[in-house]
Amino acid sequence: MIHVPAEPTGELSDAWRHCVGTGRIELALRRDYQDSLRLLQDEIGFRYIRGHGLLSDGMAVHRPYEWQGARHVHHSFTYVDQVVDAYLDLGIRPFLELGFMPEELASGKQTVFWWKSNVTPPRSHEEWADLVRATVAHLVDRYGLDEVRTWPIEVWNEPNLADFWENADEQAYHRLYEVTAAAVKEVDAGLQVGGPSLSPGADDWLGRFAEFAERRDVPVDFVSKHAYTSGPADHVPFGTHQTLAPAQDLLDQFATPRDLLKGTRLGGLPVHITEFNSSYRPDNPVHDTAFHAAYLAPVLAHGGDHVDSFSYWTFSDMFEEAGPPTALFHGGFGLLTHRQVKKPTYHLYAFMARMGPQLLARGDDHLVTRHTDGRVTVLAWAPVDATGETPGPERHRLKLSVPLKDAGEAFVRRSSVDEEHGNARTAWQRMGSPRSPRPHQLDVLHEAAEPGRRHLRLPVADGRVELDLTLSRHEVTLAEVSAVVDEAPAWADERRLLGGEPR
Amino acid sequence: MIHVPAEPTGELSDAWRHCVGTGRIELALRRDYQDSLRLLQDEIGFRYIRGHGLLSDGMAVHRPYEWQGARHVHHSFTYVDQVVDAYLDLGIRPFLELGFMPEELASGKQTVFWWKSNVTPPRSHEEWADLVRATVAHLVDRYGLDEVRTWPIEVWNEPNLADFWENADEQAYHRLYEVTAAAVKEVDAGLQVGGPSLSPGADDWLGRFAEFAERRDVPVDFVSKHAYTSGPADHVPFGTHQTLAPAQDLLDQFATPRDLLKGTRLGGLPVHITEFNSSYRPDNPVHDTAFHAAYLAPVLAHGGDHVDSFSYWTFSDMFEEAGPPTALFHGGFGLLTHRQVKKPTYHLYAFMARMGPQLLARGDDHLVTRHTDGRVTVLAWAPVDATGETPGPERHRLKLSVPLKDAGEAFVRRSSVDEEHGNARTAWQRMGSPRSPRPHQLDVLHEAAEPGRRHLRLPVADGRVELDLTLSRHEVTLAEVSAVVDEAPAWADERRLLGGEPR
Amino acid sequence: MIHVPAEPTGELSDAWRHCVGTGRIELALRRDYQDSLRLLQDEIGFRYIRGHGLLSDGMAVHRPYEWQGARHVHHSFTYVDQVVDAYLDLGIRPFLELGFMPEELASGKQTVFWWKSNVTPPRSHEEWADLVRATVAHLVDRYGLDEVRTWPIEVWNEPNLADFWENADEQAYHRLYEVTAAAVKEVDAGLQVGGPSLSPGADDWLGRFAEFAERRDVPVDFVSKHAYTSGPADHVPFGTHQTLAPAQDLLDQFATPRDLLKGTRLGGLPVHITEFNSSYRPDNPVHDTAFHAAYLAPVLAHGGDHVDSFSYWTFSDMFEEAGPPTALFHGGFGLLTHRQVKKPTYHLYAFMARMGPQLLARGDDHLVTRHTDGRVTVLAWAPVDATGETPGPERHRLKLSVPLKDAGEAFVRRSSVDEEHGNARTAWQRMGSPRSPRPHQLDVLHEAAEPGRRHLRLPVADGRVELDLTLSRHEVTLAEVSAVVDEAPAWADERRLLGGEPR
Amino acid sequence: MIHVPAEPTGELSDAWRHCVGTGRIELALRRDYQDSLRLLQDEIGFRYIRGHGLLSDGMAVHRPYEWQGARHVHHSFTYVDQVVDAYLDLGIRPFLELGFMPEELASGKQTVFWWKSNVTPPRSHEEWADLVRATVAHLVDRYGLDEVRTWPIEVWNEPNLADFWENADEQAYHRLYEVTAAAVKEVDAGLQVGGPSLSPGADDWLGRFAEFAERRDVPVDFVSKHAYTSGPADHVPFGTHQTLAPAQDLLDQFATPRDLLKGTRLGGLPVHITEFNSSYRPDNPVHDTAFHAAYLAPVLAHGGDHVDSFSYWTFSDMFEEAGPPTALFHGGFGLLTHRQVKKPTYHLYAFMARMGPQLLARGDDHLVTRHTDGRVTVLAWAPVDATGETPGPERHRLKLSVPLKDAGEAFVRRSSVDEEHGNARTAWQRMGSPRSPRPHQLDVLHEAAEPGRRHLRLPVADGRVELDLTLSRHEVTLAEVSAVVDEAPAWADERRLLGGEPR
C-alpha cells in the first residue's frame, strides 16, 4: 500500500502539453486534419503546434515574377494566413519552423520525403533573409506583435542529417542560422529565435552551436533537439519494424542540453524537445498499440523535470512523408487516425489533461494529483517489456491510500485503455483489417476506441480511500476520486421498485 | 443450440417504431426536448409522435375577442406551426390528438394535471367544431393535403376515465366524436379520424363505440386504446411504487380490439395502441432500470403481431403531468432523461432499430433478423421476474447457430445493457443521486449510459456461426454478425512489433 | 460641417448594454428563445438578463410535500439550473428578480398576466425566507460565490402597481424587502440586493424606501426603477395604440433616482433602470418600426450619463404576458420576432455594439467614437416627430469632419435602417401580413431585415475625412471609417479587363 | 411590353446545373473547399462535379512495391474514398475523369501545371488497365453498382493539346481510350464511359473519334468537349487579360457535337460540355465581375437547347493550376473566392436555381418560368458589350406583362447583382485590394457580396402583373412574383401608430 501524502509536493509540470507535432503545415488546410485538431483541443488542449514546410513550395510563399524586364519576388501568404487563422481559431498557436527551401531559391536539387521538399541551402542568403523577414513581418502585421512574440521560431529541421540538410553541413547551418536570426530580430528584437533542431545522436553539435553563437554574437532564445528510441528500420511494404530502447532512454535524451550547455552562453535557456516519439518511422505499427501508451506514460509523467516542452510527433495520421497511408491503421505517428479514431496514446494524453495542478505523488507506475476542488486523480500504468522478449506482465497490482477531504464516501470513475479497451486497432484486426473502412465499420471503430469505464463507490476512513487497482497487460488507467454528497431522499428504497415491502 | 433457419420466415414488423409518445405538445417548443428528439430520430427513427394538449390553453389556439361590440373567435397557430415545423424538421410526423378543452370554450371547471388542462365538454359544440375545422384546415393549408392525410387524428384521450373527461360520460364522448369527425371530414374526406383512445380495462366501450358508429353512420378510420401493466399506486414524495403484471399482459391487451371488433363495422380497421408502458405513473423508478428494458424486449419483438402500432409513452422525461421533475432520475416515462442521458429502454429501441428487415427466428428470449447486405442481427434478453420476488436469474445462456453466407470467419459486434452497463442510473446512485448534476457529473452519466461493447471473431463452418451468449441479470444484448473480408497483407505479423523475428 | 475633435473627450459608457429584459424566465427553456439570444449575444453582447417569474409556479421551485404525516417543502432547481446553465453558456448572466409568489405560499388568489402568476404577499414570511435562502444558496453552490456575487438580486417587480402587488401595499413591500434582503445576506454578505423596482410615476416611493432602509438598517446595494413614455392604452383586438412622450422624457425619468436620493443612505448607490421602452404594452406596433429605432437612438447615446444601466424590455417577442402572439409582427417588445427576424431597434443596438471605446463627439443626431486600432465610427439618426402630427422630415443632412490618422484615403462602410431598409415589417405588410409566414416567406423577411449597405472611398485631407450623410425618414445609420492601405499592384488596370489597351 | 404567355411553352432544361467543375480532385480534402461546396449545394444544387487528377500522384492511388524480390502494385484508395465520401455527403456525385498519369507508370517526364502532373502515355497499357479496373471496381464495391452506374467516366482531359497529352498524339489517345473503356466495361457493362474531352477548336477530332469507335467497336456512352471564348493571353504578373468573343459563341461551340456526329455511331449520344467559361485562364479578373454574370446569363438560359450538360469551370477559387492565388480576388474561375465570398456569377447560378420548372417565355434579355405553386419567376439581364469598346448601356428597360393566377395583388421580391450590388470585388477595390483580408474586412466583403434586394406590391389586373424593370449596367436581376393573400385584420391602421385617430 502506497501512502499518498495529503499535501502537495509541488506542481505538475505541463511541459507534456506545451507543444505537439504535425505533418507538413500545408496539411492544415484539410478538413480531416482540422476535425482531428478540434477534437484534440477539446479533450487535451495543446498550446503550440510545430511542423515542417512553412516555406516549402506547397505553401507557395516565395513567388518570383518578372515585371518590366526585371526579376522581383512577391511573398504570398494566402495559405499561411489560412493555416494560422485555423490554428488560432482552434485555440492553438504556431511553433514556427523556418524551412524548407523554395525550389526557386534553392542552390541544389536534393529533396526529402514523398512530397519532395528541397533541402539545399539558399542560392542567395539575401533573398532567404528577405523571405524570412517578409514572413515574420507579415505575421506581426496580421496577428499583432504581442501575439507573435509568444511564438517560438526555430531555424530549419535536423540539419545534422544529410537527408534534411545537404551534406549535413554544419558550417552552412551556422550561416543559415545567423542570417535567419538576424532577419527575425530585424522585425522585432523581442521575437524568440532558436535551434539547432538536432536529431538524436548529434549532441556534439550543441557545444559547437553554443561556441558559434558566442563567437559571432548571434541571438539564441531557446535550444531545440529531438528524441526517439527506435533501432534500425526493418522494412516490409508500407511498413517498418524496429527495436525500441527502454522509455527511460527518452528522458535521458531530454536531459542532455541542460547538462551539456551549462556554463555556456546557452546555459539556462529554455530547452524544447521539438519532436519525440518511440520510433521515428511513420509506418511502424507500434504507434497504434496499447503497449505504446503504457511505454510512454512515465515519459509524460517525468519529462517536465528535464525540459520546457516535449512535443509528440505527431497529433494525426494525416501525414505524408512516406506517402499517404494505404490503410486506416498503418503505424502512423498520429494520436488519431484519419477519420478521428483515437489510439491508446491519445487517451494517455487525454488522461493527463484530466490531472490536477497539485502533485501529490509520483512513482514508477503512477502519478497522483489533486484539483483545486479537492478531487484526486490517479494515473497508473502497467510496466512493459520494451525488448519484446516477454509480453509484459498479464496483471499488475497497485494499492494506494489516497487522501480525500471532507468526505464519508468516495466516487471513483475509472477509465482504461489496454489490449481490449480503448483499442480500435484490436477491433480493426478482428474485422479483417479493412484498409478504408465503410461507415458502419467506422462506427464500430469509434466505439471500440473509447476507454473501458467503471464506476464504484468506496468508503472513506480517516480521510483516506484505499484504491486497489489491478491493471491488465499494457493498461493505462485513470482513476478520478471525488467526495460523495448523498442527495438520495430518506424514502429511497430499491426493494420497492416492483411494489415490494419497504425496509 | 437453437438452429436459426437460413431463409427468412417473414418480415419484421415495424409497429414498434410507428409512433412514440410525448409530454404535452407545448413542450416541443423547448430546446432540451428538441435535442432529445433529434438524438432519438438519429438513432431510432420513429415515424409519428403523439401527445396531449394540442388545443389546451398553453398552445393558445382558441382566442375569443370583441370587435365592434360582437364576440368573435380568432384561431391562432403561432405555436402549432412552431411545433409542427420542428417535428417535420426532425423527420417525425404528428399523430394528432384533439384535446383538451380551451377554458373559454369549456362547460365546466374541472382540470387535470399539474398544468391544469380543462377536461369538460365544450360549452358549444358548434364553436368546438369551428376550432377543429380551423385547425385541420390550417394544417392542410400550411403542410399540404397529401402530407396531412398521412397524419392520424385521434379524438380526445381516455374519455373512459373521469379524470380525463368529466364524469367519463360515454354519451357525451360519442357526441364529441361525432361532431369532431364531421368537422375533420368537412375539410377533406381523405383525412383519417379515429378513437376512442381508451385506457386499460375499458374494452367494453369498444363494442358500444362500434355500435354508435354504425347507428349514426359516423366515420372511423382507426381504433385506438392504451395498455399498461401496473397495479395500484403506492406513493412516496415525488415518487410511486407499483406491482407489475408480466409483460405478456401487454400483448394480451394489444390483442383485444381486433378480437372484439371482428364482424362489426370497425372490424379490420387499423388498431393503434396510442400509449403503452409498464407503469402509467411518471414518477415510478422502474422506468429507469435495466429490468425495464428486459421486461419490454419481448413486447417489442412480438407486439406487431397484434396491432399496427404501439407507442411508447413517452420519449423524454421532459414531462410535467405530475409537475416538473425534482431529480434527474425520478421514474419518468422518458427513454431519455433531461439533458439526454439514455436509459436502458432507450437502448432496447436503438437495438431494435439496428435489426434487419428479414425475420429469421423469434423466441422467448431472442429475435434474429438479416439485413439485405447479409449481416445477421441477434437481439437477446434475460428473463425477468416481474413479481420482484426473486431478482431474476443472475446468468442466462443462449446458444444459437446462426447462418452467414459467403464467409470464412465472422465479426461479432456485441452491445449490452444490464445492471452495470448502459445504465447511468447505477452510476448516478453511486455518485450520491445528485438531483441536478454538475457538468462533470453529466459527463460521467453520459459515458455510463453507453452500452457495454465487445468484439470478437468467430469461425464459420458450413455457413454457420455458433453464438454462445451468456446474459447477465436483466441484460438486453445485440449481437451483429457480419462476414470478415480479410485485407491484412501477407507480411502482417504481430511478433515483429518490437523488432522480433518474423514467423 | 461639424468638426469632430481629433482627441477623445471621454469614454463611451456601456450602460446601454449592461442588461436586457426577457419574458418570464421559464421561456428560457425554449429553443426559439435560445436561438434568438445566441444571435443577440453574437452581434450585441449584453452582460445581464432580467425577467419575471423566477419563483412563479412555472419554474416549479417551491414544492411542498407530506412525509410521515408532516408537511415539508422541497426546493427544486431542475428548471432554474437549465435556465442559468443556458444563460452562462450563451455568455450572459442573470440579473435576478425574486418573484412572483408560488400558489402554495400565497396569501391570496390575485394573479397577473395570461400566465397567471400570483402577486399576493407570502402566507408565511418565514417560508418565503426559506425559499429565497435555498434558491440563493443553491446558486452559490452550483455556480460559485465569486460568480453569484456579480449577479444583482432585485426584490419583486413594480410593487407600486396593484396589478403586480396586491393593493400596491407599500408597507407590505417594505416588509417583504426586509425579509428577502436578510435571507440573501444570510447566504453571503457580499451578495448584492436591491429594489424597489418601481414603475414610472412612483418616484415618491424612493424617498420612503430610503427612509425605511435607514430606519430598519436594511441592506440596499442598488436602486432600481422602470421608464416608459407611452400614454393611455387604446385597444384593438390583439393590439394597442398609444401616444408617446418625446424620447428626452426617458432620460428625465432615468435621472430622478440620483437626484432624489442624494444625501440619503441610498445616495451614490448604483442605479439600474431594470426596464425601459417607449410603450409598456407588448402589443403596440410602434415597437416594430424604423421610427422606434430613431426615437431611441439618443437615449442609447445619452442614457449612460444618468444611470449605471438601462435595460431594454425585452430582447425577444417570445413573451406571453398578454398571451402568445397571434402574428409574427404584433407589436411585441422584442428586438427580434419569433424565428429571429431582426427589427430596426435590433440594429440600433447592433450598431451601438460596433462603436469604439473612445468618445469623440456627441450631438442631437450623432455619436462619434474611435476604436483603439484607429477606426472612427459614426452613429447618426434622423429626428422624429413623436407626436405623429407630421411624419418627420423626409431628408436630414449631417456633415461631419472626421479625424483619421495616418491615412491618405478612407474606406467608409455604411449600414442603415429606415422605412425601406433593415425593415422586415415593411416587406411583411407588402406580402399581406402573413400571421405565420411559410419558410420561403421567412427567407424574404430575414433578407429584408438586413440593413441597407453602401461602401465608398473618400479622400483624407489634413488628417480629416468629410462625411456628408443624408438620412432618409427615420433612418439610423452607422458609418465606419477606416484608413485605406492600398495593396493594388502597379499593373492593376480595369481598362484591360476585356483585353483593352493599358493606360 | 412583352406579353408572357399564361401557359407554359415547355420545361426549363436543367443542363446548366447538371455538372460543375473543380480544381484537382485532391483539393476536395480541404476544408475551405468543402465549406464552399456546402454553400453551393445549399443554394444551387449541382448534380455532378468533375475535376482533374483522380489518378495523379497527389491522390496516391498507384503504389508499386517490392515483396519477396518481385515488383507489385498496390492500388490505394485512402484519399479517393475521403473525397467521394465528402462529395456524396454534400449531395453531389463525381463525374469521373480518368487522368493524369502516375509518375511510376508514365512513359515520359512531361508535366503540366504548378502541381506538376505527368501527362505522358502509360509505360504499360496493361498496368494502366489494372489501375482503371481496380479503381472502378473499388468504387462499385464501396458505393454500390446502382450508384456508380450513374457516374459518367471520361477518359483523360483535352488530349488534343500537347500541354495535356504528350504531342497531342491522336492515335495514342485512341489507344488509351480503347484500353480504358474496356477496363471499365470489364467491371460492369452498365457503366458509362466517354470522351474525348476536347478543348475548343478541335472539333475535327470528333469525326475521327466516331470513326475509330466504329472501326474498333469501342464502347462510347457519351461525347464530351470544352468551350471557352477568350482570345490570346496577355500576361501581367499573377494575371492575364484577354479579349472575349460574344457569349453566343459559347452556344455555337456547344452545338457542334450533335451536328457533326449526326449519322455516325456516336449520333444521338448524350453530349456533355465538361468545361466551359469565358476565359480559360485562372487569373483573368473578368471572372470576378458583374459583367461576367450578365455575359453568361443568356448561355445559362439557352445552353440546354444544345447539350445535356455544360459544366462551369470551376465552382471555387481553391484552384492551383497556375499556383495558389496571391490575392483574394485574382481572376480565379471560382463562383466563390477562398473564404466563401460570392461573385456575381455565383448569384446568376443561385438565381437560376430559384426558377420554376415550367418555361413561360425566353428572350434575349429575359427568362420567365413558373413554379408548381403558381409563383412566376423572371430572370433578366442587361446586354453587355464583350468587345469592351463601350461600357455597355447604363440603363436597360424591360417591361413584361406577367400572368398570375388567383390574385388581386402581387408581391415582388427582386434580387440584383450589378456593378454596385452583390459585388464584393467593387468593395474590395475600394478598401485597397487587400490580398489576404482581415476578419473584419471579410465581414464587409461577405455583406457586399449579397445581392441588392427590393420588395414591392403591385396590382393584378385581368390575371396579369405589369413588371417594369430598369436594369443598371451589367445587372442580372431575379424578380419573384407571388400572389398576395392579405391577412391584415380589419382594424390595422398605420395612422394609429403614435396614437392618431383611426380612419
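By letter and in written order, the chains are A, B, C and D; residue numbering begins at 1 in each of them.
Rule of thumb we're sticking to: a contact is a pair of C-beta atoms (placed from the backbone, for glycine too) under 8 Å apart; a residue touches a chain by one contact, two chains touch by 3 or more.
Protein names from UniProt, one per chain: A, B, C, D = Xylan 1,4-beta-xylosidase.
Since the structure is predicted, the reported quantities are computational estimates derived from the model, not experimental observations.
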Chains touching both chain A (Xylan 1,4-beta-xylosidase) and chain B (Xylan 1,4-beta-xylosidase): C, D
Between the pairs A-D and B-D, the one where more C-beta pairs touch: A-D
Approximate Å spacing (C-alpha centroids) for the pair chain B (Xylan 1,4-beta-xylosidase), chain D (Xylan 1,4-beta-xylosidase): 47
Intercentroid distance (Cα basis), chain D (Xylan 1,4-beta-xylosidase) paired with chain A (Xylan 1,4-beta-xylosidase), Å: 43
Residues of chain B (Xylan 1,4-beta-xylosidase) whose C-beta touches two or more other chains: 67, 236-238, 327, 435, 491
Residue ranges of chain B (Xylan 1,4-beta-xylosidase) in contact with chain C (Xylan 1,4-beta-xylosidase) within the complex: 29-32, 34, 60, 63, 65-67, 72, 74, 76-79, 81-82, 86, 142, 236-238, 323-327, 338-339, 435-436, 438
Contacting residues of chain B (Xylan 1,4-beta-xylosidase) [partner chain D (Xylan 1,4-beta-xylosidase), same complex]: 67, 490-491
In the complex with chain C (Xylan 1,4-beta-xylosidase), residue positions of chain D (Xylan 1,4-beta-xylosidase) that touch it: 231, 234, 236-239, 241-244, 285-286, 289, 291, 327, 386-388, 409, 411, 413, 426-427, 429-435, 444, 447-448, 450, 453, 455-457, 482, 484-489, 491-492, 496-500
